[in-house]
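Two complexes follow with chain A in common, the first pairing it with chain B and the second with chain C.
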Partner chain A sequence: MDYSFDFQSVSFGPLWDGLIVTLQLTIAANLIGIVLGFPLALLIMSRFAPARLPAMLFVEFFRCTPAIVQIVWFFYCVPMLFNVFLGSMTMGILALGLNLMAFNAEAYRAAIQAVPREQLDAGIALGLNPVQRTLYIVLPTAVRASIPVLLTNGIGIFQQSALVAIVAVQDLMYQAKSLATETYRPIETFTIVALIYFAVSFPVSQIVGYLERRRQLMMS
Partner chain B sequence: MTLDFSILLRFQDALALGLWMTIKLTLICVVLGCSLGFVIGLARTSRSTLLRAASSIYVEFFRGTPVLVQLFWIFFCLPLILGVELSNLTSGVIALTLYMGAISSETFRASLKSIGPEQLDACVALGLPRRVQVTSVVLPQAVLRAVPTLLSNCVSLFKESALVSAVGMADLMFVGQNISNNTARPVEVLTVVALIYFVIAFPLTRAVTLIERRVLTKLAI
Partner chain C sequence: MTMSFSAPLVKIQSLHKSYGPHIQVLKGLDIEMKPGERVVVIGPSGGGKSTLLRVMMGLEKIDSGAISFGGKPYISSEGADRKTVIDTEVRRSIGMVFQHYTLFPHLSVIQNLILAPCKVRGEAKASATKRAQALLERFGLGAKAGAYPAQLSGGQKQRVAIARALMLDPKLMLFDEVTSALDPELVAEVEQVILQLAAQDMPMMIVTHDMWFAKNIASRVIFCAGGVVAEEGPPEQVLGSPKEERTREFIDRVFHIRH
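And then the complex of A and B:
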């Protein structure tokens, strides 16, 4: 090949701004997903059908449609349907946050089901009411057990956040696209951007691997 | 605002063509990606350090970067590097196959690991030759155990395939966005597109659960 690389022409300023936006999106979406995912998991497991069915529908819908369809749908349809006009950043956070909420609810559900029956029986024996049992027995155990999956989902949302570039939120991917067109240097730009994404996700996935190994050791 | 879903009837042929493109792309990449994943899964457990390192870097890199970035890289950079024109379909197939290969290799690696050492000891005790060990003991169990996860990988791939619309391939999402822009009726069109994806992906996820519960317990592996 007769292509001469020129990494100098890729300016890091816009990429840095983009990375900050991407990280803001990721952190805000994770806050929504981690906090609201738990009550959603409780709803899914509720015995009361009018509470359970909408919650299940919500989760299945987000898990079974492409994230890009969800994001485009959110940006076009929410303002038209509900007559609300929010900033693109807020919309991006909401779309990614709701998506993560559905995935985290599944993680919490698996962890809640894994809480040993004896612990709940002990809670009843101690005279704790259902709310206390949920708060003091189920919540701490389940949250701790679901941390690896929550982290994996969190890093998944970091990667999915690149999709908001399609609806013109100025995140890392968006800056990469405009930089690649401005400088005619797609190889250099997209390679650097891929490396930036990798440099953030890889350490987190290594931490997840470490936590899982430690957990397995503790279980055995 | 009033919703009018009947306008979609005018575009059913276009949507069907888009859906066919999505399904074709998914099926090609499932077959190629699973094969690639199996080979990479074996390479990651191989004794050669070079093979192990190379396959690990490939897998970690594809799992650590957004699929959209991979797609853009392959669409815009690969033709420049190779110096040949790649058709949209070829680029899409390359990108999604590499993605599927990376996630499936992890599945195969986990299922290969799950076969206990006592089974290999039993093979030795029975005096089975190495080839029979692999083909009759390890392989059938590894593949069967990998089936549920592979199937959910296929669902992920089906969903990720919507990304090719961002680089101008005429899949279901691309057709949907075009219709929605031309008719200025995004609510109806995008909702129907989302429902089409849902109607295909949802039964598949149910099938995953079913296979996990019924088949694997019946086979007792």
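And then the complex of A and C:
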């Protein structure tokens, strides 16, 4: 291969700006997903059908359609249907946040259902009412148990956030595309970008592995 | 309300309970328990022993029947749809310890003890902590106050579970096979704690397979089989020379040899 690599012509300034935007998207989407995913999980498990069915529909919509379709739909259909457009960054955060909320709700649901029945019996025997049992027994146990999945989903959103570049959010991917076009150096640019995504994701996946091992030890 | 001395502490009348349409677990159970009594319930698996305690704690719905505590009815089935009605105020006088998994794993020992007093009774944290520490000292667990359940042995966990139930000053304790999941060498330390409570006249109902323990702690033994009380009486009679054939068979099997 006689391609000569030229990493010099790839300037880091725009990539750095893009990474900041990507991290902002990731953090904001994770806040939505982590906080609102829990009440959504409670709704999915509700015995009250008018609460459960819309919640399930919401979750299945996000689980059963490609993220890129959701993002495009959000950017083009939501403004037309509801006559609102909140700026591309906000729309990006909402699209990614709601997607993550659906996946996190499933993680919470699994963790809530894994809380041993005996723990709840003990709560009843101690006189805790249903709200207290949820707050002091189910929530802390389930949140702890779901942390590895929440982190995995969260870092997944960090990577998925690259999709918002197609709707003009100036994230890392967007900056990379512009840079590649300007410099005619797509290989170098995307190699660097891949390394940046890896450098952020890899430590998180290591932390997930560590937490899972520790949890297994705690449970044994 | 005044209560004469011999009035029953617990009165269970014609208790029926089934799981689904085909599995009838309790078929008209009648039990009276006097204040200060320590009733040990024995019997074959599936005979309804644990279900009885769970119903008394309000953890299971009933089909029909009623239970009263201290003269107050607190569990009954009412209306055309036989809804189980539980008086939670009365139920608060009853404490229960289970077979396993009952300490909250995310809370330290002391936090496990003070959770209900603080949240249910609104007790100040400082006073609950003080009482909890004293109780742990009494059970030989003073040094474990800050430990988490995962760091305790099975026997220690059960002793903490007993202390946790006692924090609410129960007037009756239910023990549901609390030593069944323990390694043999850990059984004694838990039974010691229960014997200690017995020495202080704590009324209790105990489901156990440990006949030695039953003999030592019971003021009355109930043999529960087929969802009814098949035989009852003082421990030396029911365990020593049972009248009923199936009680005898059961005791033979559990003891291997007749005592």
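Going forward, the second predicted complex is superposed on the first by the 220 of 220 C-alpha atoms of A that agree within 3 Å, B and C clash if a C-alpha of one lies under 4 Å from a C-alpha of the other, contacts with A are read in each partner's own complex, and residues count from 1 in each chain.
Here is the rule we go by: a contact is a pair of C-beta atoms (placed from the backbone, for glycine too) under 8 Å apart; a residue touches a chain by one contact, two chains touch by 3 or more.
A quick note: this is a predicted structure, and the numbers were derived from the prediction, not measured.
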{"item": "Contacts of A:49 with chain B and chain C, given as first, second, both or neither", "value": "neither"}
{"item": "Which superposed partner A:118 touches (first chain B, second chain C, both, neither)", "value": "second"}
{"item": "Contacts of A:69 with chain B and chain C, given as first, second, both or neither", "value": "first"}
{"item": "First (chain B), second (chain C), both or neither touched by A:159", "value": "first"}
{"item": "Partner chain in contact with A:128 - chain B first, chain C second, else both or neither", "value": "second"}
{"item": "Which of chain B and chain C A:144 touches, first, second, both or neither", "value": "second"}
{"item": "Shared contact residues on chain A - chain B and chain C", "value": "none"}
{"item": "Parts of chain B lying in touch with chain A, wherever the complex brings them together", "value": "1, 60-61, 63-70, 72-73, 76-77, 80-83, 155, 159-163, 165-166, 173, 176-177, 180, 186-187, 190-191, 193-194, 197-198, 201-202, 205"}
{"item": "Chain A partner contacts - residues on chain C that touch it in the complex", "value": "54, 57-59, 88, 91-92, 94-96, 98-106, 115-116, 119-120, 150, 161, 164-165, 168"}
{"item": "Parts of chain A lying in touch with chain B, wherever the complex brings them together", "value": "1-3, 60-61, 63-70, 72-73, 76-77, 80-81, 159-163, 165-166, 173, 176-177, 180, 186-187, 190-191, 193-194, 197-198, 201-202, 205"}
{"item": "Chain A residues touching chain C - in the complex, by the definition given at the top", "value": "116, 118-119, 121-122, 124-128, 132, 136-137, 140-141, 144, 218-219"}
